[in-house]
Structures are given as C-alpha cells and as structure tokens.
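Two complexes are shown next, each including subunit A; its partner changes from subunit B in the first to subunit C in the second.
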Partner chain A sequence: MAQIAAQRYTGASIRRSEDPRLLTGRGRYVDDIKLPGMLHAAFVRSPLAHARVLSVDVCAARALPGVVAAFTGADLEAMTVPGPDALSTLMGAAGPTPEFTLLATDKVRFAGDPVAVVIAESRYLAEDGCELVEVDYDELPPVASADFALDPGSPPLFANLGDNIARSRSRNEFGDIAATFAGADRVYDFRIDVHRHQNVPMEGRGCVASYDPDLGVLTMHAATQSVHVAKIAVTMRLGMEPDKVRVLAGDIGGSFGLKIGASREELATAAASRALGRPVKWVEDRTENLTASGQAREESFNVRAAVSNDGDLLGLDVTMVIDTGSYPGMGGMVPAIIEAMLPGPYKLAALGFESVGVTTNKAPYVAYRGPWASETFVRERVLDLIAKDLGLDPLEIRLRNAAPRTDPPAVMLTGRPLAGVTTRESLERVAKLADIPAFRRRQAQARAQGRYLGIGVATFIEAAPGPRSPEGASGPMGSESMRLRLDEDGFVVLFTGQMPHGQSHQTTLAQIAADEFGVPFEQVRVVVGDTDVVPFGLTGGSRSATMTGGVTLHGARRLKAKVLDFASHLMEVSAMDLQITDGNVGVRGDPASAVAVSEIARQAASGEFGADVDARLEVEAVFDGGEGGWSGGSHCAVVEVDVETGIVTVERYVAVEDCGVLINPAVVEGQIRGGVAQGIGAVLLERSAYDADGNFQSATFMDYLLPTACDVPRIEIEHLQTVPLDADVNFRGVGEGGMIVAPPTIVNAIEDALSPFGVRIYEQHLPPARILELIATAGSAQPSGSAQPGRSAQPGGR
Partner chain B sequence: MYPSRFRYEAPHTVAEAIRLLAAGGDNAKVLAGGQSLVPLMKLRFAAPELVVDINNLPGLSYHRADPDGTLRIGALCRHADLERSALLAGTQPTMAAAAPLIADPIVRNRGTLVGSLCHADPQGDWASVVLSLGGSVVAEGPDGRRSIPMTDFVTGPFQNLLAPDEIAVEAVIPAAQGERRGGYLKLERRVGDFATVGVAVSLETAGEVVRRAGIALTGVGASTIAASAAAAALTGHSLTAESIAAAASAAAEAARPRTDHRGSAEYKRHMVATFVERILTRCSAEPAERAA
Partner chain C sequence: MKVTLTVNGTEYARDVEPRLLLIHLLRDELGLTGSHWGCDTSNCGACVVWLDDTPVKSCTVLAVMADGHRVLTVEGLANGASLDPVQQGFAHCHGLQCGFCTPGMMLTARWLLNNNPHPSSYQVREAISGQVCRCTGYENIVKAVLWAAEYEAGG
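Right after this comes the complex of A and B.
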C-alpha cells in the first residue's frame, strides 16, 4: 500500500494558516472591496407573495440626485439572456423548467421578489431611490402551502408550467414491496414533517461587478462556492464569451450551500455594471438574506413501515412532497438523493419511493448543509417510534437492523455497496461513552423529582464521496483537477478549484502536499478564487477531503518525481538515489549533498537546458476519487425538558465519527461542531415562517433565532479507526454529517424525555410552545402500529 | 438596512437639547442608547429628520437612592450599570432579577432603562418592572419638569405621553413601605430573545403580611399590563397556597395575549400563571430583602 511520504503534518491538528489573518480582522470579504468609481445597488422588493405587476415607475428614482440608474424587470430582460437556473443545468436536472427573468416582469412570486434595482453613488442613496419607485400590483391568491400547490385549482406561479408541479410525480420500487408488506407482522403508518429553515451565513450574498468597456471584460468579485460555476452563470445570463468574464473570490463568510453559481440579484448587478461601464457593488443586508436568499427543507413524508414482531425493519414505502418555493432549482434535485440514501446503513428488503415537487409563493429552495438530510431524520425517527411501540431499546433496534460488515460488502437496496461502513462500531462506542445504563438510573431519579431528562441516539452515513461505482467516475463532480508548481522561491504552489468558505483548505491541502513533496508546511501556497488561474471545481457535497485531498497527494507525488528527474540532470545522480526532505533535494544517506528546492527551481527557470530536459516544474493532476468510501457516525444527546415552560436544554452531546483518515483533527471537529450547532438550532429555534397569506414572518434575527454559545453544549467527539478502501486516499468528507444527524438525535432525546406523557413526535421543529402542545395532546394519542391484517392509520397528534 | 437622511445634533446641555427638539417638532427624535431607535431607522420604520443625541449631556448616568429610600435612575444609566449594581442587588429584587435578562451584554452596555420606558415596546422588560414598583418618569421641557406616573406614561404600543420637546430625564421608584420582595421571570426561547411572556412581581411586606403588591405583564398585550386584580388578591394577606393561586389566575385573566410564532394565546396565558406562581412561591420561601 502506497503511503504518504512523510506523516509529519497529515493527521496533526496543525493550526490553521488562515486564522492569524481572519482573527485579526484582515480578511478580505466582498464588502471590503472598494473600486474607484464604484456604484451601489439596492433592490425594490415585492411586499406581496403573489401578484401581477401592472406597472413599475422608476422616473422619480432616476431623478433623485446621486442615483445613476434605475432598471425595471423589463429593462433587465432586454439587457440579459433568458435561461434556466445555471446550477440545475450543470447538474442535469430533469423535468419541466420554469422560465423566469432576473427581476420580476409580469408577476411577483414571493414576498421579497426583486422588482427593480436602483444604482446610486452610495447604498444610502440607492435605498432612498428605492423608496421612490412606484409599483402597481394586482394581487393574486397566494400559494402558501404544498397542499394548495398540489390542488390543480391553485393559480400557477409559472404560466409555462400550467400548474404548480415543479417536479412531476414519480415512483420507484426496489425489492418486492407487495410481498414484504404482506409478510410483515406489523405495518406502521407515519406522517413526518420537516420544517422550512435556512442557511444563515455571517456574510450574506454579494458581489462587486466591474465591466471594462475598453476591453469588453467583466470582472466579478464574488462570494461563491465556485468561481467557475459563478462564471458559467454570468456568461449564460449576460451572453458573454468565456474569455471575457473573470470571477474572483477572496474570503467567504460562510455559505452552507447558499452561494453556488450566481443569484438573480448578483447577475442583475453584473448586467448593471456592463450597462453603465462602472463597477457596481451589491451586498445583501440581513433582511434580504433572510427573506430572499433562499431557504431549505420543508418536506413531508408519508411513511409505511413493514416490521417484524422482533423489530426487523423489512420495508419502507415512502411518499415525499417537497416545497421548492418559487423559482425552483435545487429543490428538484433533492428527492432523487433522498431516495438513494433512504435505506441508510440498514438491511431493508424493500423500498418504495414516490415523490413530487411543488412550487409555492415562498423564497426559493436552496442547498443547505446535507440537502438530503431528511432521509436520515425520517429513518432515525421511524426506528425510535417503532422501538417504542415494540418495547425495544433504541440502540438495540439499530444494531439489529444495521447491515453487518461483510466481504464482499452488503449492497444498499438502492444500489451502492456499504463498503467500510462502521455503523455498528459507532453505535456501540457512542452508547458506551454516554453510559446509557447510568443515564437511565439518573433519569429515573430525576423523574421522581419532577424533572424530565431524555437520551437520544441517531446514526447516519454520508456518501462523501461514496464508494466507487462500477461504471467509474462521471459528471462534473466525478473528478477533481489540480495544477501544482514548484516556484523559484521554493514554494510548492497548488492551484485548486475549491473555494474555501470555512473548510480550511489552505491548511489541510498544504499539510498533505508538504508531507508528500517534502517541504515544510509553511512552504506550500494554496491558490484559490480566480477563474483565470484555477481549474474547474466546486466546494460542496463534502467532497473535497477525498477528491481534493487525493488530487493533492497524487499531484505532489508527480511533481516530486518531476523535480527529482530534473535534479538528477543537475546533480548527475540517478533520480532513484535522490529524495526531498525539509525543502532540500539530496542524495540518500549524504546530508552534505543537500540543495534547496528553490535553487533547483531557479536553475530550471534559467532556461539553459536542452530540449531533452524537462525543466517545466509543473504538473496537472486529475483524481477520480479512488475507491472512495462512506463517512458516518452515531451521535447521542442528553436533554432536559422543562415541562412547565417547554424549554429544552441540551445537557450533553457525544459524537462518534468515522470520516476516514483524518487530515487535521481540529478542522474535522470544527466541522462537526458547526453542523451540530445548526442541527440544534433547526430543532429548537430556527424556522422560516410564512403566514397563510405567504407573508414572511422571520425577516430579522428577532424572529429567526439562531443558536448561541449558551444553547450549544460542549460537544464530545471521538474518531473511529477507519476501514481503508483505497491504496492511499482514505480521507473522507465530514462537512455535512453534523447537520444531518443532529436533528434526529435531539428529537429522539426529547421524545425520550417526554415518554412518561406518552408523547410521540412526527416533526422536527420543537420550540417551547410546541413542546407544551405535544404534552397536552399526548393523552389522546392511540398506538400507531397495528398487527396484520387490521392496519390503523397513524393518529398524528396534531 | 441603511437609514434615510437625517440631521444629527449632540448638545451638551439639557436646555440646548430641548431647544433643538422644540425646533425639530414631530420630526425630531432623542437618541439615548440607540438600541431600539437605530434598528428602527435601519429598517426605515422610523425616519426622523433630526436626531438629538443626548449622550453628551452631563450627570445623567446615575442611579442612586435618596435618604428616604426613593430610587432615581438617570436617563443615561445603562442596563449594564443596573445589572452590576450592588444597590439594586441589596434593595430591589425585581429590578435586580430583570436587569440580566434584557437582551445580551452588547445591548445592555448601551441601552438605557429610561430609553426602554420611552420606547414603550409591549415586549420591553423595564416597563412592567417599573409599573409593578409604582414608579414614575420625570420629564423636562421648556416649562420645566413634571412627574408622570408609569400608569399614565405609556399611551399605546410605542407611544408615550412626552411632548415632542420633552426629554425624560429620570425614572423614579418610590421608597418601600416595609420590606421588599419580588422577582422577574421572562420566557425567552433563547438568550437575548424578547419576552414571549414576562412577569414582574413587586411586594412590600410587613412581617408576613403584604402591604403593597404590584404585578405587571410583558409581551401579552398591546402594552404592558398592570394586573391590578392579581395584586389586590395579595394585598392585606400573607403568601399562602391559596392567595398565590388566586393571584396567579387573576394575572392570567388580565393577560391579553395573541397567538403568534412564539406560541398560542393559551400557552402564553398559562405561562403568566406559572410565572406568578413561581415568583410568589419563591418569595414566600425566601427571607425578604432589607427595607429600601
């Protein structure tokens, strides 16, 4: 098995090289960019959820001193090329594509929909201008729920769709559904809801677009997860040649899936810059971020579960409805991933999966950390509900159903082999760390004093990147490229398409390259964020640990071979006898022979070599993910519920994770902690609420509550010894797992705390008021499972 | 989130501030801690033409007790001053309980108690505390000073009795007739959240008998609510399970909550009763604070 040349940095919690700069306020975010002559954009937004736009009058705004221009939807339509969502196109989304413009023209489709843009000398003046724009609306009935959207009588948001079905109903079956359900001892029916909540990065969306009329080149400073995807969106929508568009990005203040491609507002800003020949900045404020940037989840699931009396989960038959909001893009892609992931690490015999996506008068659906996370919520919730009904321990039912690790590996019902999955190990370990028997004793004592403690366990796997498929890598996400170069200053320079926004690539990739090439960590430079110099890439889907970690390792190995080849000419020694350690090339066993790599690079650059010598110390590397593999883990939470106020306190949180070989444990743990914090927020605090008329109720941080340090306990983390699958690349992604598994972990713990009341939970958002409602209505609930053949519907309790 | 254009003045005397306000008329606003006014201006819900910053006015950051025990809180006394006050910790249990529950440390470092009273937010915590204590606001205008009881000061949501050319210079809490007991409980979904429900209970007791009681409710009506019937259920009685239960149900009765995303009206009413009961039960178990 090929190893990393040195293990000096890889695997150690090296301090992030990003931190000194970021923590001392020297980061450079989009809003820090100030160009000469730069103008500022502000958007006029619809106050209504659904209305026809009768007229937009920007005359008064244009007349305001300091306002340079004001564009309506019609203006923008004339300045740009119509087309579908760039990301959907890239990912090859199927189904009907609603057609829409950058700014609303004929109608507005959610409260916050941009209708006009005012460009002025300052943001203050631009907002003054917005107040002078007069829009006449003719209100339409709002489509504010998925149920109404499914009603053929609901007014269609998009004329070309004809109805509000954004992703047509489809059904797939794996295994023999009929036989599995007929043969089961029990069949359960549950309806499980996941509420709408959203990415709230510290830095919202934004860009500075700068068009140079002389060169005909548009430079966009973007906050994005991929400069190249942003560039594709700009070239498509502005109708420009790729060589006339350059996208740059600096530091990014978080994203969690929000900043892929370029949003309608960012494209409108770019179009305005081109029209005016001046730089234009737009940085969304918090109200815009909460109202209009995008939201996620809001999915409901009708679940039928076929179960044996012993607690074997034999089959699932699931119908999913996803509310993709207005301007659908990402939402249409989620059901297929949910379907593929639904079996999880369990040995199901049959799965039926039906889904339909609707469009409604709410903010668009965007990717949010683990976009398919609801599959884990549904499965881990269903297992606890069944365990309660059968009187089984939650840990026991999971261990009983988890597929054993066999050779060859068990195959998920939906196709992928469960190679190297350590679900059993993580479950057993987390139970041990949490000391469940000791907790049960404490729980009993507390109950005697009227205090309600609960413990919850949940487990997940994540395809990060997933096991190698028999057909090999495919699609734009299937492989990763990198350019690597040895510079004359002795630095190994990595050019990557990754666009770090909290992932620490500048540190982790440098660790791998330093070890493999043989230079100190400080002698590696990671270049990101410039379409002119970095290869295609996208940071997302927890793919960079394997994909970019792998291409760094293989690329550094090839660069080293090349440097040694060249050095062998220079030093007149066989390359076989040379090595690179600590930044020096030397003959093995002869320290006196050492020559600094910078000296080698300078010699190469001198050009005094014949054509037979390759003095170009640069390589292009591509990596297809190797054997890939799964990430996964099991989490456990201990909560206390105040049954008089409904307040839930998370007392303890333990995570046992397997994300393969760790590049940097501190970075991995940071990813887990951040994800768990978002998961705690999702359950206890965060909700993107709309009223029945489609008015948005969570437009400030007064109403959209994020967890603070007071709400997130110290998170205890242990890493499992991984099962290596690949010859040398066994790093796996860990970006999304925390957010995927924390919600079911917390909800399972809450239900356990409330078990004396007979509470059963079929939803994810549990603010204090809801907890008390659950307690108050629990008495009326009936058992939700039924022995065959008489099957009862789930009472739901709502 | 950028405010409309406004003129900014930062006078150094109260007289000058009043002159500026008089000239500015309805379109002028006093700026104290700015923790309510600035967010409103950024959202353009408020668009004053003139902002009169009173932070340069000398001698208004005090909070002190007169020899007779009357407590005076100056217009520039910050929430944080009250949170850290030994005087309050020793003599004002309701105020001492409320101070650390307001917003977060950053807001408490700038926001003022008097500003909070002027803002008249039905979800503001100080208004019910001061109401329960029978306090008042001292206003200064071109014609001098006048004292306005808290019961009259708030005239509606975000509305107070001040004339456009008046500044609230201090809040006054009268001396206790007996020993003070009390507390403030606030249901917040998360630290720093505005109250879903807040309950202020202030008692003045002689021995076991309640001589004066004040109960006021935050966040369960269009303005702060004085639960007078609940207070009356305690006056002249000692704290027993029966008197506590009577006060709790009378307080719940006085609440006028609305169902919103913080919870149903029923839930909020339930919380009012729970909190009144919790505070009074605690009062009955704990020794009283020294008389103020």
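Right after this comes the complex of A and C.
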C-alpha cells in the first residue's frame, strides 16, 4: 500500500469520532441505562434554609404500593462509614472539617438539603412516596449573607466549627506594601462584587448504582469528570475494598466543574443499592440541579490600588470574602488560587491579599469553569476604573502595565515566571481587529442619535498548565498517566483517565497518537470511563491539552519504538531502518517491505518468541507537563445598551487567543465560544438568587435564565501561537479562558456605553433592571483617586 | 390507558398511566433514548420531537395525547445508513460538544429547512431560540444548519 507523505492530523479540524453515535441518538448518557430489576430514587428536600430536624417519618411512604424502601439521614449514616467529604480530603482541605452526612440528620443547612430518599419501582412512584414523608422542623435564623456569617453572633451552621468561618482569615504580602502605597501618586478604593451563579450542564447529575450481593461488588454507572475520584468517594463512604467497586461512565451531557467525584445523593443511591441488592437509578431533575447541585462565585473584594499619575499600577491590597454556602468544599481552595493569579500578566511592585471564607445557608460551593476567575474580573475592572479616572485609554493602561516579554521572563509577584506570555501581542491584535478608532467614530455618531454603544477590552492568562518553575522537580500540574497498546486488529488503543464530557478527547488524542505512531486516525481507539482499565485521571482545570496530549505524544512514541524493536526481530532488519507509516511497518525506502501493524501485533501475540524478545506491545507512559506554559488572550466586545429598557445587546465579540499549538482548531474554538457564551450569560442573565431568608429564588429555567441563540453573537477568533517552550508538547488548555475573561470584557463594554451618564460599575451581574438603576443613580458615590498625601478612602460601589 | 402511536415509522401500542409524559414513553417504554429530558418547565428543548409534522417539546405532551399520531425522533432522522443533511452539517461544522441538546436542535432544524429552505442565520437563531445549548455558544449550530441548507440546494 503505497502512501504519499502522510498528512498530519494534529492541527486539522478533523471531524469528531464521537459524533456518529451522538447524532443518531445512540449516545449512552447515564439516564439511558436501564438494568434488569432497576429501582428509582427520589429525594425529600428541605423547604427551609436553616432548621433543626426534629423528626422524619417515612412510614407512610414505605407503605405506598410500588415503594420498596425509604431511608432517613440516620438510616443512611448507619448504612455507611462516617467521615468528611472525600473530595475535600483528596484536596487536602485544611482546618476542622464540617460535619458531612449523606442526608441531613440533626439539621438542614440550605433549602434543598436532602433529608430522606425514597426508592420505588419508578421515578413517578418514588416522587409520590416523597410526598408522604413527614418532616418536623424547628426553624433557625437563616444565615443568608456573608456579612451576617462574619458576625460572631450568627448561628453557626456547624456546631463543631463554633462559628460560620469556613476558612479562617489569612493575609500574605508580596513586595513592600507600605512603601509602594506611600510612594504612589494616587490610591484608589473599590469594592467589587461577583455574584453567585452556576454550572447548569444540560444533563444534570445522576448515577445508576448496581450492587451484586453474590459477588459483593458495586458497579456504579456515573456521570463524572473522573471515574477514579468517584470510586474513591464510594469506597470511603461505603467502606468497601477498592477491588469491589467499579465505576463506569459513558457519554456525559456537560459538567463545567460540577461533576467531580460523587455527590451526596449519588453516594446515598449507592448505599441504597447495596442495602437492597438491586440496581438503583437517580437522575436529578432541573429543580434539584439548580437548587441543590451546587453553585459558585459570590465573592466580594475590597481593593486598594496604588497608582502613579501616568497610570502605572504599582500595588494592590485586596481583602476577599468568599461565601462558600453550606458544606464548603471547593470554596475553601479558591482564595489561594486567586491570590496566586491576582497580578496577572502585569508588573506589580506589591500585593497584599487577605481572605476569609464563610458558610451560609445556600447550596454548596462547587467548581465552575475557571473557579478563580474573579481575579481577572477584579483586575480588569479596576484597570478600567482607574483609566477612566486618569483619562487614559483602556488599551493604553493595559499595554503600559503588561510585563514585557524578556529573557529570562518576568516573574509574577506571587512567584511564577511569565514564560511565553503574549499579553501585549494579543491586546494589540484584538484592538486592531476591532478597529477601535473606527468604533469611536461610530460610537459618537450613535450617541448623537441617542444610542449608546460601548467597547470593552479585557485580557487574561491561565496556568494551563502553567510554567515549570525553575527549581521545581515536578511539572506544574503533577503528572498524567496513560497506557497504550497495539492490538491485534492493528488499532492503537489509548487508556486514559480523562473523562470527556464535550471536550472531544476521543478525537483529539487520536489525532496526536495517529501522527506520532503512524497509523490512520481511524485506527486509534480511545478508552475512557472504566476504573478497571483506565489509569487515574480527571478532566478539569484545562489540563488535558498539555497533560494528556503530552502523555499521548510521548506514549505513542515509546509504543512505536517498542513495536519497531519487535518488528526488527521479525523482519531481521535493524530497528533503525524501520518506520511506521499509514499503519504499516516497512524498511525505509523499500515500500514492498511493508507489513501491516496488525500483522506485527498478531505475531507478537502468537507466543512464539522467547524471553529474549519483548513481544508485549504495550507501554505505560507518564508525562509531567514538560516545560508547560501559559494560555491566555485578549477579548473585545461591542455592546449596545438600550437606556429605556436596560437591555444589553452584544453586537460584536472578538477573541485573540494564544493556547500554543492547536490540536484541533474546531474543538479549540468550540471551547472558547462555549466559555464566552457562559460569561455573557453570567453578566446579563444568570444569577443563583436567594432572598433574605435564604429561600432560593431561581429554581427553574424561568428564573435562572440561560443564554439562547439570540443572546450570544457570532464570536470571531484569531490564534497566536507565539512561543514554544517545550521541545515536543506545546498544546495548552482552553477549557476555562472564555468564561474567565468574557465577564470583564462585557462589563467594561457596558460601562463604556454608559459613560455619558457617568455610570461606574463595581459588580458583575447586570440584568436590565440593574442597568436602569445604575443609570438612575449615576453620579452619586463615584470614587476617585485621591492625590497623596491626603488620600482618603472613598468607597466605590454601592 | 391504551395508546397506539407510530414512532419513526413503527407502530407501538402500550398501556400507560394517564400522567405519563411523551418523553418518558419514548425513553423508558420504547427504549428510544435519543430524546433527552433537560428541564421541568418546557424551557430547554432537549426533548423536542415531531408530533405529526411539527416540532413539540415532548415533556409538555402527555403520552395519551400522541394516541393515533406520528412521532419522529432523532433515531428516525437518518434515511437508513445515510445521515440527514442536518446530521451531516452538525458533524461537518462541529455543531455539538456533549451532544445532549443536539437531537432536539436537529429536529427543529429539519423542520425549519422543510419550511424555509434558505434561512438567514438570524432565522436559524430564532428557530432554535426556545432551546438551550450550554456547550457550543450556538455559532456552530447555526453554521451546521446553514451548511445543510446549502447542501440541499445542491451547493
């Protein structure tokens, strides 16, 4: 089979191998699984934000025909091993751990907290059973705001913590804060708020747990970002040996950080299956998803900024309060990442960072696409506010402050080298593409007609994976493993711990392996989602491009060397003279010598080779991220604000991104666009709203508004691929960047549109009603930089 | 209650509870799991199928209301082994990521193109505006539908 010089798959928008099944309705999502004898779970949830549970009576539910069992929180505790949340344990959460039970036992901590589970022959019947469960509550004062949670008099959610401080106050300083602020021309004070919003994948959480009493084995079909993390949670909580638990996952309808490990409800479902010896399915409905799956952000920042009259940002001194909701998990880890990332690509001289995390009677805090994103929002918002006050152009202030690309690279104040960061390039390019001077002319004309257009620019960097630190022994994101094998059918099989839920790993990893090994793309199989066969891994943190792309590349290279080594025995040619192209092993320059890799694999499996020949065509590869590198980019939005209705229309959106070498441009751009759409939603529509009593106000899609095709514009994307740092692996992650940088981009544009009214914006959520309020109240409480020495702290924001 | 309906050309007769929703009849009783359930309030469109010749949100239709009617789901969209141009368009334009919203999107798109073979991108956006995709930012869905329109026009 002669072949012209093989084209490379890497870098091409190869059509996805996931699509044939998904386009024909043959995908297998967790709710599609139906096992013989399968039962269905539904949860009884607290209607109150904060209350003592006096009694839970499940007798009437148990008596309902079709109901097989009903368990209370106390029942579940007796059926499982008590202990902290597995995820917090894995992530090494510090300090005393709040009490963690699968269902609420002595008290409920948010409206939606599960108090009982009913297991029935159908979901309909299980829900009927829930109606019959009687719970007596003794209502407690709700802790519905971070401010109240900080009050030592607020009733503690967790008795063992004694107060509502989930993460105690801590402060770090980098550089000389006192001198920097003393020497600055101006000092600004702002309070910036980021509101609570949430992941909302189109498929909610869910699982089918199936316990085989004869074998003592629990098989869990999960929708999770990591089958192994889910397995750890199950083994810990159910007190089972690792070899008795198997977690499987198929297609997953999105997650965006929500589905890491196994949730309380999923663990309760597993416990129920074991108790009943039958498969049990739980798939949350949308109300459960919005109310109880978890929420993110809700952070406030008091920011002091030391600035020169020319617009040099010299120092930041920030105090952050994070509302981690009930059952703090991820929320406790966010401040440290925000601290590390706050300087961004800018050359600050000093940074002070103080943070405190509180528990409140709201849904638990979960990871949501770029969990630390507020660092970018705060920085990019503050820069615009300062630029306005100093009469500087937003682009100019950024270019002025962005660290130049030098050798050796500038180092972030918090420690990481800014190796290969192309902030200046992307800012200049996005400004050119958006043609800001032409926009300003159009803006002026529009204003003359009573129309308010605005333009906003923001820039970000993301440690995806981040640079290798000069002294660090290991890579920036730990390591990633993969097993690779050449099968007798000629397929190169990759076993990865990645658990794709839209990221297209089955396509992108195959592209890399096909190129590196030398088989057609169609001849690579990517195996995911089975703890019995895949190595440990997690899809999240934008890690897979570098980490899994890299382990695929190096693993395929090693597998190829092994196959060639074996083939050299078979063909009696030096391995040096052999190559693999288009699925055939052959002697260089002798096309007639070509032997299909499937034939090589069959020979290897024949068992006819002695101990001196390594016929096991399989390798285990580990990759530590190589030299790593940053992802980043600059975005620009043009918006129109209707000042009568408060409606904001995003007219144009341009992104200039640098994620290094693209594996599959269509996939990369899909990730960017999806992230930007969520960022637009976060600003204009989405809010996880609670009233003053902790009642959840956005439990359906009529109240939690998601962006539709009419809210999201076309998103223009250009790529920079500026600086390779590693000899082989320069793919970088793009999963989170869109969601990180779109909110400040949009808010900056809105403020620009409303500048004739003197509007200044210190918050992220700007639905129409809020826009109208901002216009109506503009001019009051505007902050301004106070000239030294008489620097007064004029509070910004509301 | 007895229902008899034709789904993707095959007739099915089932005895169902009066409260059973069409989406659950399709998924749980008939094993056609390509249509998805994404909300409780008829807002997401993951469940869109055709009832006779019109797209409907099958979470809003009782199974018994489909008695005597024809239903088309994603499983019936391809013509044998050859994918419908809308399906091809989604593959060609990377119109899906997780794929959860995709069946509903494609059924609406198929209906749009039957009624308006040359839609503008705005008309495509309007047609799918009652449906939510959380992954793609919609742009590639719009491209996919326009690709199918062009393909069918012989382009």
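Everything below uses one rule, namely that the second predicted complex is superposed on the first by the 774 of 798 C-alpha atoms of A that agree within 3 Å, B and C clash if a C-alpha of one lies under 4 Å from a C-alpha of the other, contacts with A are read in each partner's own complex, and residues count from 1 in each chain.
By definition in this document, a contact is a pair of C-beta atoms (placed from the backbone, for glycine too) under 8 Å apart; a residue touches a chain by one contact, two chains touch by 3 or more.
Every value quoted in this text rests on a predicted model; they were computed, and no experiment measured them.
Looking at the shared chain after the overlay, A:T708 reaches both subunit B and subunit C. In the superposition on chain A, A:A209 makes contact with neither subunit B nor subunit C.
By the touch criterion defined above, A:E18 reaches subunit C but does not reach subunit B.
In the superposition on chain A, A:E773 makes contact with subunit B only, while subunit C stays out of contact range. When the two complexes are overlaid on their common chain A, residue A:R286 makes contact with subunit B and with subunit C alike.
In the superposed model, A:V44 lies in contact with neither subunit B nor subunit C. Counting the residues of subunit A touched by each of subunit B and subunit C gives the higher count for C.
Legend: residue contacts after superposition of the two complexes on their common chain; A:Q503 is shown touching subunit C, with no touch to subunit B.
Residue contacts after overlaying the shared chain place A:D128 against subunit B, while subunit C stays out of touching range.
With both structures placed on the common chain, the touch criterion links A:V247 to neither subunit B nor subunit C.
Shared contact residues of subunit A with subunit B and subunit C: 124, 285-287, 700, 702, 708, 710. Residues 1-5, 43-44, 187, 189-194, 196, 261-264, 267, 270-271, 274 of subunit B are the ones touching subunit A in the complex.
Remark: subunit C residues 17, 19-20, 27-28, 31-41, 43-44, 46, 73-75, 77-78, 83, 87, 90-94, 96-103, 106, 121, 124-126, 128-142 touch subunit A in the complex. Residue ranges on subunit A touching subunit C, taken from their complex, read 13, 15-16, 18-20, 22-29, 31-32, 34, 124, 200-203, 251-254, 256, 285-287, 501-504, 666-667, 669-670, 673-678, 700-702, 706, 708-710, 712, 714-715.
Taken together, the subunit A residues at the contact with subunit B in this complex read 123-124, 127-128, 131, 285-287, 644-647, 684-685, 687, 689, 697-698, 700, 702-703, 705, 707-708, 710-711, 767-769, 772-773.
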